[in-house]
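The following pair of complexes shares a single chain, chain A, combined with chain B in the former and chain C in the latter.
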Partner chain A sequence: MPAEKGGIQQMKNQIEQPNPGRVPLFLERTWNRSRRVITNPPMLLSILLLGVFVYLVIVPLISLVHSSITLHSRDTLRVLGGRVGELTSFYLQRVFASNISEVLFYRPLLNTILISFSMSALAISLGCVLAWIVVRTDIPFKKLFSSAAVVPFILPSWTISLAWMTIFKNRTVGGSAGILEYFGVQLPDWISYGPVPIVICMALHYYPFTYLLVGSALRDFDTRLEEAALVLGANRSVILRRVVLAVVAPAILSSFILTISRGIGSFSTPVFLGNPINYRVLSTRMFASLQTGSPGDAYVIAMVMILLAVLLIFLSNKVLGKRRSFVTITGKAPKPQLVKLGKLRIPVAIAVGLFLFSVIVVPLFVLAADTFMRVPGVYSLDNFTLHYWIGESTPGLVDGRPGILRDATTWKALGNSVKLGLSASVLCGFFGILIGYTVVRMRGTRIASILDQLSFVPYLIPSIAFGAIYLSLFAVRRGPIPSLYGSFLLIILATTAKNFPFAAKAGSSAMMQLGHEVEEAGIIAGAGWFTRMRRLILPLQRSGLLGAVMLPFISAMRELSMVVILTTPGTELLTTLTFRYSDYGFYHMSNAVVLLLVVIIVVMQYIMQKITGSDLSEGLGG
Partner chain B sequence: MADIRLEGITKRWGDVVAVDELDLTIEDGSFTCLLGPSGCGKTTTLRMVAGLEEPTAGRIHCGQKLVHCSERGISVGPHQRGVGLIFQSYALWPHMTVAQNIAFGLEMQKMKQPQITERVREAASWMQIEEYLHRYPSELSGGQQQRVALARSLAPRPDCLLMDEPLSNLDAKLRLDMRTELKRIHAMTKMTILYVTHDQLEAISMATTVAVMKDGKLQQLEDPLKLYKHPNNMFVANFVGSPPINAISGQIYAEQGVWRVRAGDMVLTLQKNPEDDVKIKDGQTVTVAVRSEDILLDDPSAPSMAMTVYSSLPTGSDTFVRLTRGDVGIMAKIYESDNLPVDSKASVSFRPERILLFDGDTGNRISLGSSLVGFNEASAS
Partner chain C sequence: MLKAIRRGTFIGLTVMLLVMAVGFGIQAAEEDWDAIIAAAKQEGSLVVYNPSSRMGIAAGDFEEKYGIAVEWSKMNDVEISDRVAREHEAGVRGADVVIMEDAAILMAQLLPQGYVVNYVPPTHKDLIPVEYQNPLVHQHQPRIIGYNTEAYAEPPIENLWDLTTPAWRGKFMMRDPQLTSTNLAWFAEIIEHADLMEAEYERHFGEPIKLTTPNAGWEFVKLLANNHPIMFSSDTDVSDAVGARGQTDPPIGLYVIGKHREIEAKNLALEAAYGLEPKMGYLYPAFLVMTENSQSPNAAKLFISFLLTEEGMSAWAQDMGNFSTNPAIPAHVDDPLGGTAAWAEVTFPLNAETTIKYYADLFDFWLLHAN
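So, the complex of A and B:
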C-alpha cells in the first residue's frame, strides 16, 4: 500500500495544477455548486412550495392576528379619535374584558368546552363498545355492521341535527312542530334544543373516529397477550380492564383528541340546534359577530379557537409521544379468538342493528318523509306531495319557490359545489404529489421538515376559523392582490388550503411506498426530471393520486362551516343552500337539498372505495 | 472502457462519517467487489461513483474524465458517467413491460426505433429472457426480474456496471446460478464491474479484485485468493472465510530464529516465514490465526498438541470439529466424514506455513504464514 499511496499523491499534485491562477478555486467551487443547487428540481420545488404555503397558510394567519388588533372602518366612531387601520386593543378588550364579554366570549367558551367534552365522552363510549362488539365477538352480520358503523361520518354533519329537529321540534320557536308534538307529546325545550341534542347529534356523527381507531387497534391486538393472562388465571373482566383496555388506550386517546378538536370547531350542529334558543358556542358566536358587522370580535374569537385546537394537539403529542410504544408492539398475531356471546349473541346483534338503524336509516327516512308533506307536521296520506321536489312555483308556499329539482338555484348550487370539488381536488392532488415528492426527496434537510410541518398547519385550525382567516386576508385589497371576497376563487383557495394536510399525507405516503430507486433508475438511464415525472413517477402514483384527489372532493362537497362565511348569493353551494333554507324556516327544501347531497356523497364515497380500495380511516380528516 | 479512480473520497452526513478519505482505483476491465459488513460505507461509495450521492470531499475520475471534484465543485450527472446500475430491489418500472423497461435508457439516448428494437432483442438474448419481453415485471419470478434488470443496464452498453447487492433477494440456488451468469457476462463483455456485497463467498468466487471496507476505510485491496490466504489484518481475516478464522491470543518471544508464543498452558514454537520482515517486542501480545481447514488431526508427521473434542458436526462431505484445551477453543474442518465422540482426545497440528500472526493491539499482520515446529506445555513458572 505505501507505494500506491505515493502514486496517488503524485496524481493529486498533477490534477491540482491545471488551474493555476485562472479563477480562484473557491469561486469556481461556489459557482459550480450553486448552479447545481438551483437546477436541482427538488430544491426548486421546495422553494416554490414554500412560497405557496407562506401565501396560503402563513400570511392568512398573520393577517388574522393583524385584523384583530387593527381598527375596522365600522368601529371608528366607537373608539375615540380612532382611524381605520390603527392599532387598537378595542376588540381584545371587548371580547375579554367588557360588560358584554360574558355574552360574547365567556359563556360561549364555557358552552364549547362543555359540549366538546361531553360529546367526546359519549362518542368514545359508543365507538369503543361498537368496535369491541364488531371486532372481538362472534356477533352475526359482522360485515354489514362494520361498514354501516362508519356511515354517519360520511353524511354531512348536520343531517342528524335536521332529523332531530324534524322529530323533536317543539313550538318554542314557532313554525310547524316535530313528529312527536304532532302525536301529542309535550316536549320540554331541553330535549328540542340546546346542549343535550347538540351533544347527542354530534356524538352520533363523530363516534366513527373512535370506532375506526379502536377497531383497528383491536384487530391488530395480539390475542396471545389475552391468552397469557387467561393462563395466569385472570378472569374475563380483569383481562378486559387490565390487558385489552391498557393496550387500546393510545387509540382511545388519539380518537379523543381527534373528536374533541372537531368539537371545538364544530359549527353546523350548534347552529341548527342552539341558535333557536340563543344557545351559543364559540363558532356560532363568531359567525354571529361576522353577520352583525363586528369582524374584529370574530377574529379574536377565531384566534381563541385556533389556540384551543393547537393546545389540544400539543397535549396529545406529549401524551401520545410517550405511550406510542404500546401500539407498535403488536405483531402479526394469529387469527383472534372471538369472544363467544352465547345466549346474548342475538340480543346484542339486535341492539347493534337497532342502533345503526336509528342513526342512519331513521334520520334519512324522516328527512325524506318530511319533504313529501304539503303542510308540515300533518302526518296523513292526503298531505302527500312531490311539490318540494318537482313542483311548479306556487305563491304562498315557501315564498313561491319551485321544487328543488326545478329550481335553478339548486342546479346552480350543485354546479358550484361540483366546480369547487373538482378544482379543489385537482389542486390538492397536484400539490399533494408535489409536496410528497419534495418532502420525500429532500428528506433530512431542514426545508423538507419545514414543508412537512407547514402542510399540517391547516389541520390545527378549526374550519370556521380557517374561513375567518381567509375572510380577513382577502376581504380588502392588499397590495397587488385584489379583494377576493365574493369571488369563487377565494372559496377554491380556502378549500384547497384546508385540505393540504390530507393531500400532503396521501402524496408523501404514496412516494414513500414508491421508494427512491424507481426514480434513480431513471436518472441513471439519462431521463430528465420532467421525463421521470411523466413516464416513471406519475403513472405509478395513480392510485395514490386518486386518494389525494377524491378525499378533497368529498370533503369539499360536504363542507359547510368554512365556506358559510365565504359564500355570497352568487357563489352559493349545496351546503350553504341547505343552511340558508333552514335559516328561512324552509325545512322541506333544506331537507331535500341535504338528501340530494347525501346521495352524491355516498355515491362518490362508494366509487372511491371501489377504485382505490382505500380504507375509510384515511378519510378521518375529511 | 475506463478505469475508475477515487481519490480522498469522503462522505459525511452531519457528524456521521460514512466514507473516510477513500483512495481506490478500479482497474479497467476488472470485476471489483466492495466487501464489508453493513454500514461500512460500501453502498455509499458505489452511489458516489454512480453520481447519485455527492461526496463531501475528494475526486472521482472515470477514465480521462473528471466526474467529481469537491474542491472545484464539479459533479457530472449520472448519465454522463457512462455507468449502468443494478439496484438491490431491481427497481424495474412496474408499469412498463420488460421490453419497455429495457428500451427506456435507449430512448433517452435518442436512439432510432429500429436500433432500439435490435438492442432490446440483443440484451434479452444475453440474459435469455426473450420469451418474457411482453410481460410485466410483476408477472416474473425474482430470478427473472434480476435478469431483466441486468438486460436493462447492459442494453445502453455502459463502460462500467455498478451493482448493489444484486443477489441478496434471491434464494440460495438462484444466487448460485446468477453468480455463474455474472462471471460469464464479465468475461464476455470485458466490462468494468463494481460490485457491492456483504457476502464474502460471493466476492471471493466472482471478483478479480476485492476491496474490503470497514468503518468507511479501505482495509485491503487484493486478488481474492490472496486476500483469503494473506489478510492484512485481523478484521479481514475474520470477515473473509467461513467459519471465521481461529484466533488464539498469546505473548510472543523471539528466540534464536524462532518465535515462541505462550497461550494459556501451551507454548507454540513457530518457524518464521522467510518473507517476514517484522520486528517484534518480547512479551508483545499477538493473535495466532489459523483457518479451520489448515488444522490437521492425528497427523504423525507434524508436531502436535493434545486437545479435547468438545463436539463434532459431520456434514456428509466433511466434518467440523470443535476442540478445546483450557480456555483455548478452535474449530477444525477435516475432509472426511467422521463422528468423533465428545470428550475424546485428539492430537492437533497445523499445516505448515499457514499460521498467521497478527499484532494483538493493532490487529495488523506480523507473519505471512509460519509453521509450527514445536509444542510444549508451559512450565509452572
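So, the complex of A and C:
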C-alpha cells in the first residue's frame, strides 16, 4: 500500500477515536510520528542524506579543528616530552604568536587579501567590458567571441601561468630563461614572478564568471529603460552609470563573490608564479607546511582560510540580500536595441579578437612549442624533438623517462583521472537527484532547509583546505572507520563531497520544474516509491541528471589544489602529475601533460554541450 | 635548559636505537638465506619509496633476476617519512623498503617509534663497515658547489663566506632546506664547526666576525638566508640553472655531483668548485631500511641485499659520484678524487648526531631568515 495513504488513515482513526484508552496519547503520537517517518520515503531519505552530509562535511570540519590542537608525530622533535595525539596549543601559538608568525601567517594573509582583491577587480573589469561589447554592441563574429570568451575558464587554471613562465621567465631564479629572454629582452623580476603575474594570470582565468553573469544580466536588460532615460534628457555617460550599471550591479556583486572566494583558495597559480621567489599566499603557505612536515601549522592556516571565505560570503550575502529587490525587471523588450559602434566596429572587433587570441591560442601554442624543444629555452629548429611526447627512455634527459605518450605513468594517471571523474560524477548525480527530490518534496520543513544549507557548505571551503580536512580526518584510523590514507576511495569521497553544492543545485532545479502531479499520477496508479523513482522521476530528469553528472566529471578531471594533498604515488592523477613534473623541474613533461589534459577537457565539454544543450554558465562550479 | 633536555631525549632515543639495532643484528645472523629467497619469490612483489629516479633501473634488474616485481616511487624525505608513519598508523599496505636521507627523522623518530626497522642482510654482514650498519647506509653522495665553466675559467668563489656577500646575492641556488633535510644537516655541520667558520671568516675577509647569533655557524646560516638564495625542489633544477650555456652572469649552486652525468646530454657547462675553503660541500648517506609492517618482508630483505651488491648498485655506480658502502664496489673510473675517503676530506661528512642536535631549531631559524 502506498505510504501516503497510511498517514491519512492514521489521521482518520484519530479523528474517530481521539483516545482509544489503551496507550497514552503521547506514546501513540510518537509512534505515529516515527511510523510516518519510516513509511514516508522523502522523510526517510532526508534523514539518510542528513547522515551522509554530517559524515562527509561536518565530521571532517570538526576533525580539522581537532587536528590543529593535537600533537603530530613529527613534532615530538619540537615539543618537549610531548606524546603523539595529546592536546596542545603549540600550533596555534606558532601560527599566531611566535617569532615565525609573520612568515607563517601574517605576510601570507596580507598577500592573499591583496591578490584576491586586485585579481577580482581586474577580472570583473575585463568581464564587464567584454560582456558589454559582445552583448550590447553590433560587433561582428558575435557568436564566435561569445563562446571563445569562456574558454579560459574551461582550461586548467594553471595553464596560463605555465605559459606565462614559458614566455616571461627570467634568469633570476635560474634554469632556462623564457622565450623573451632568449630573444634578448631583459625582464625585471616583478614581471616574471610574484603578485603582478599572479593577479594577471588569475584574472585571465576567472573573468568568465563576470562575463557570464553580467552578460546574462545585460541580455535580460530592458532597453526601454535606456530609451526612457534618453527621453528624459540623460546623456550617454549618465545612462551608462545611472541606468545600465545600476541594473547589472547585482550581477557584478555576485561575480565578485564567486571570483574572490576562488581567489582566497586558489593554489596553482601562486604556486607556479610565487614560490620561485618565496612569495606565499595562505594556500601555498599551507601546502608548504604540509610538504615540510608541519601538518599542525597547515591545519591552523586551513581554518583561517575557511573562516575568511565564510566571512566574505556572509558579508556579501548581507549586501546582496539588501539589493536583490532592485533587479525586478518585468517583461522584456521585444528586440534589444544594439549600440552602434560605427567607425569603431572593426577596431573593437580586432581588439576583442586579439585579446581572446592571446589568452587562449597563445598560451596553448607556447606550451606546445616548448614540449618540442630538446634543450630547454633554446628556440631554434635544430633543437626540435618529439622526445618528450614519444621518445624512448634516454639517460640524462628528464631522468631517463620516456616521452609521455610512451610512459606507463601517464596512462595510469589518465586512467585514475577518468576513474575519479566517473565515480565522483555518478555519485554526485545520484546524490544530486536525491537531494533535489527531497528538498523539493519536503519544501517548507526544517529538515529540507537544513539539507539545502548543508549541501552548500563545501562551497564555502577553499579546495585546498577541503583537501586538508579530508587528510586530517582520514589519515588515521578513527574508531570503526579505517584509515583511508593513500586509497583511491578517499579521493573519490572528497571530490564527491566538494561537488555536492553543484549536484544539489542541478538536482533541485531539475526537480523544481517537475510538477507533483506526475508523482501523484504514479501514486494513483498504485506504483510504489521505488517504481515511481525508476519509471517516472529518473527518466523525466534525464537531462538534468546528465548535467549533474557531467559537471563533476569535468571538474574532477582538472582539479588540482584539493587532490594534490590527497594523492599518493599509486593514486596519481593527470593534474597532480603535471604538478609533480614541474616540481622536479621537468617543465616539458609538465606542459605536455597539461596539453593532453586540455584536449580531454575540451572534448568532454564539447560532448556535454552537445548532449545537454546546456550553456557554460552552468559550469560556474568547476 | 630546553636544549639540554632535548639533547637528553635524543641521546636516550639513540641508545634505545642502538639496543634495538644490536637485537636485529643478532637475529639477522641466524637467518636461513635460501629460505628467505624462496619466501621472497613466493611473496612476488614489493613497494619501495626512495629519493632517486635511478631506482627504476635497479628495480628492473631485480625483477629480471628474481621475478619479483618492484613498485617504486620517487619522493623526498618528508613525503617518505610522512607516508611511512601514516601507513603504519593506518595499518595499510604501503612501502616495504625505504631509502631516505633524513637522519634526524629516521633515527629520532621512525626507528625508535618502530615504524621502520634496521636490517643488515647476512650476505653483507661481514662486508659493510660496522659504522654503516646502524642504521644501514646504502651509499654516500657528495653534494657540492658547482659553477658555470663557460662564464668562469676557474671557481668564481674561494670561500663559503663569499656566498654571504652582495656579489652573490640572489645568485646562489640550492634545494629548499625545508624540503631537503640534508641541506639542513649541512647547516648543522657548519654550526658544529663554528670555530672553523669563524677562523675562515677572519682569514678570508681580514677582520673578525661580528656576531648577531650565538656563533659563526649560525651567523653563516643567517647571512646566507638573508642573501636571497634561490631555492628549488630538485637538484636537476639547480644543475640546469647553473650549467645552462649562453648566460652572461650565471649563478652558482649546491647540487648532488651525480648531476654531472647529464652534462653531455643537456650540453651543460658545469664543474665542481674544487678547492673551495673550508669545504666544497657535504657528503651525505642514504639509509636503507625496511618497514615494520612490511607485507613482503622476505622480498624486502632480498631487495636490501641486492642493492648492496655490485649488480644492484650498478644503476648508480655507472656514473661518478655514488659510493656504495660495500667496499668491494670500486669508485667510478672517472672519479676525480678516487673514492669516498677523499671526498670526506674536502666536504663536511654529515653526522647524524649533529643533525639531530640542531634539527628543530634550524628548521624555524631558516624559515624566519629566508623569508
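Structural remarks
Here, the second predicted complex is superposed on the first by the 583 of 622 C-alpha atoms of A that agree within 3 Å, B and C clash if a C-alpha of one lies under 4 Å from a C-alpha of the other, contacts with A are read in each partner's own complex, and residues count from 1 in each chain.
The working rule: a residue touches a chain if its C-beta (ideal position, glycine included) is under 8 Å from a C-beta of that chain, and two chains touch if they have at least 3 such contacts.
None of the values given here were measured: they were computed from a predicted structure.
When both complexes are overlaid on chain A, the residue A:Ser358 reaches neither chain B nor chain C.
Looking at the shared chain after the overlay, A:Ser449 reaches neither chain B nor chain C.
When the two structures are aligned on the shared chain, A:Ile523 is found in touch with chain B, with no touch to chain C.
By the document's definition of touching, neither partner reaches A:Gln93: not chain B, not chain C.
Residue contacts after overlaying the shared chain place A:Arg33 against chain B, while chain C stays out of touching range. If you count the residues of chain A touched by chain B and by chain C, you find the higher number for C. Touch criterion not met for A:Ser147: it reaches neither chain B nor chain C. In the superposition on chain A, A:Gly486 makes contact with chain C only, not with chain B. After overlaying the two complexes on the shared chain, residue contacts for A:Leu25 are found with chain B alone; chain C is out of touch.
Taken together, the chain A residues at the contact with chain B in this complex read 1, 4-5, 8, 11-12, 15-16, 19, 25, 28-33, 36, 444, 515, 517-518, 520-527, 531, 535-536, 539-540. Note for the complex: chain A touches chain C at residues 73-74, 76-78, 80-81, 99-100, 103-104, 107, 171-176, 276, 278, 280, 288, 291-293, 375-377, 394-397, 399-401, 475-477, 482-483, 485-487, 568-570, 583-586. Chain B contributes residues 5, 7-8, 13, 23, 50-52, 59, 66, 69-75, 77-79, 83-85, 87-89, 91-95, 104-105, 108-109, 152-153, 156, 221 to its touches with chain A in the complex. Per the touch definition, chain C reaches chain A in the complex via residues 2, 5-6, 9, 49, 53-54, 56-57, 71, 73, 75, 78-79, 81-83, 85-87, 89-92, 94, 104-105, 108-109, 113, 170, 173, 178-179, 230-234, 236-238, 240-242, 244, 247, 249, 251, 253, 261-262, 264-267, 359-360, 363-364, 367-368, 370-371.
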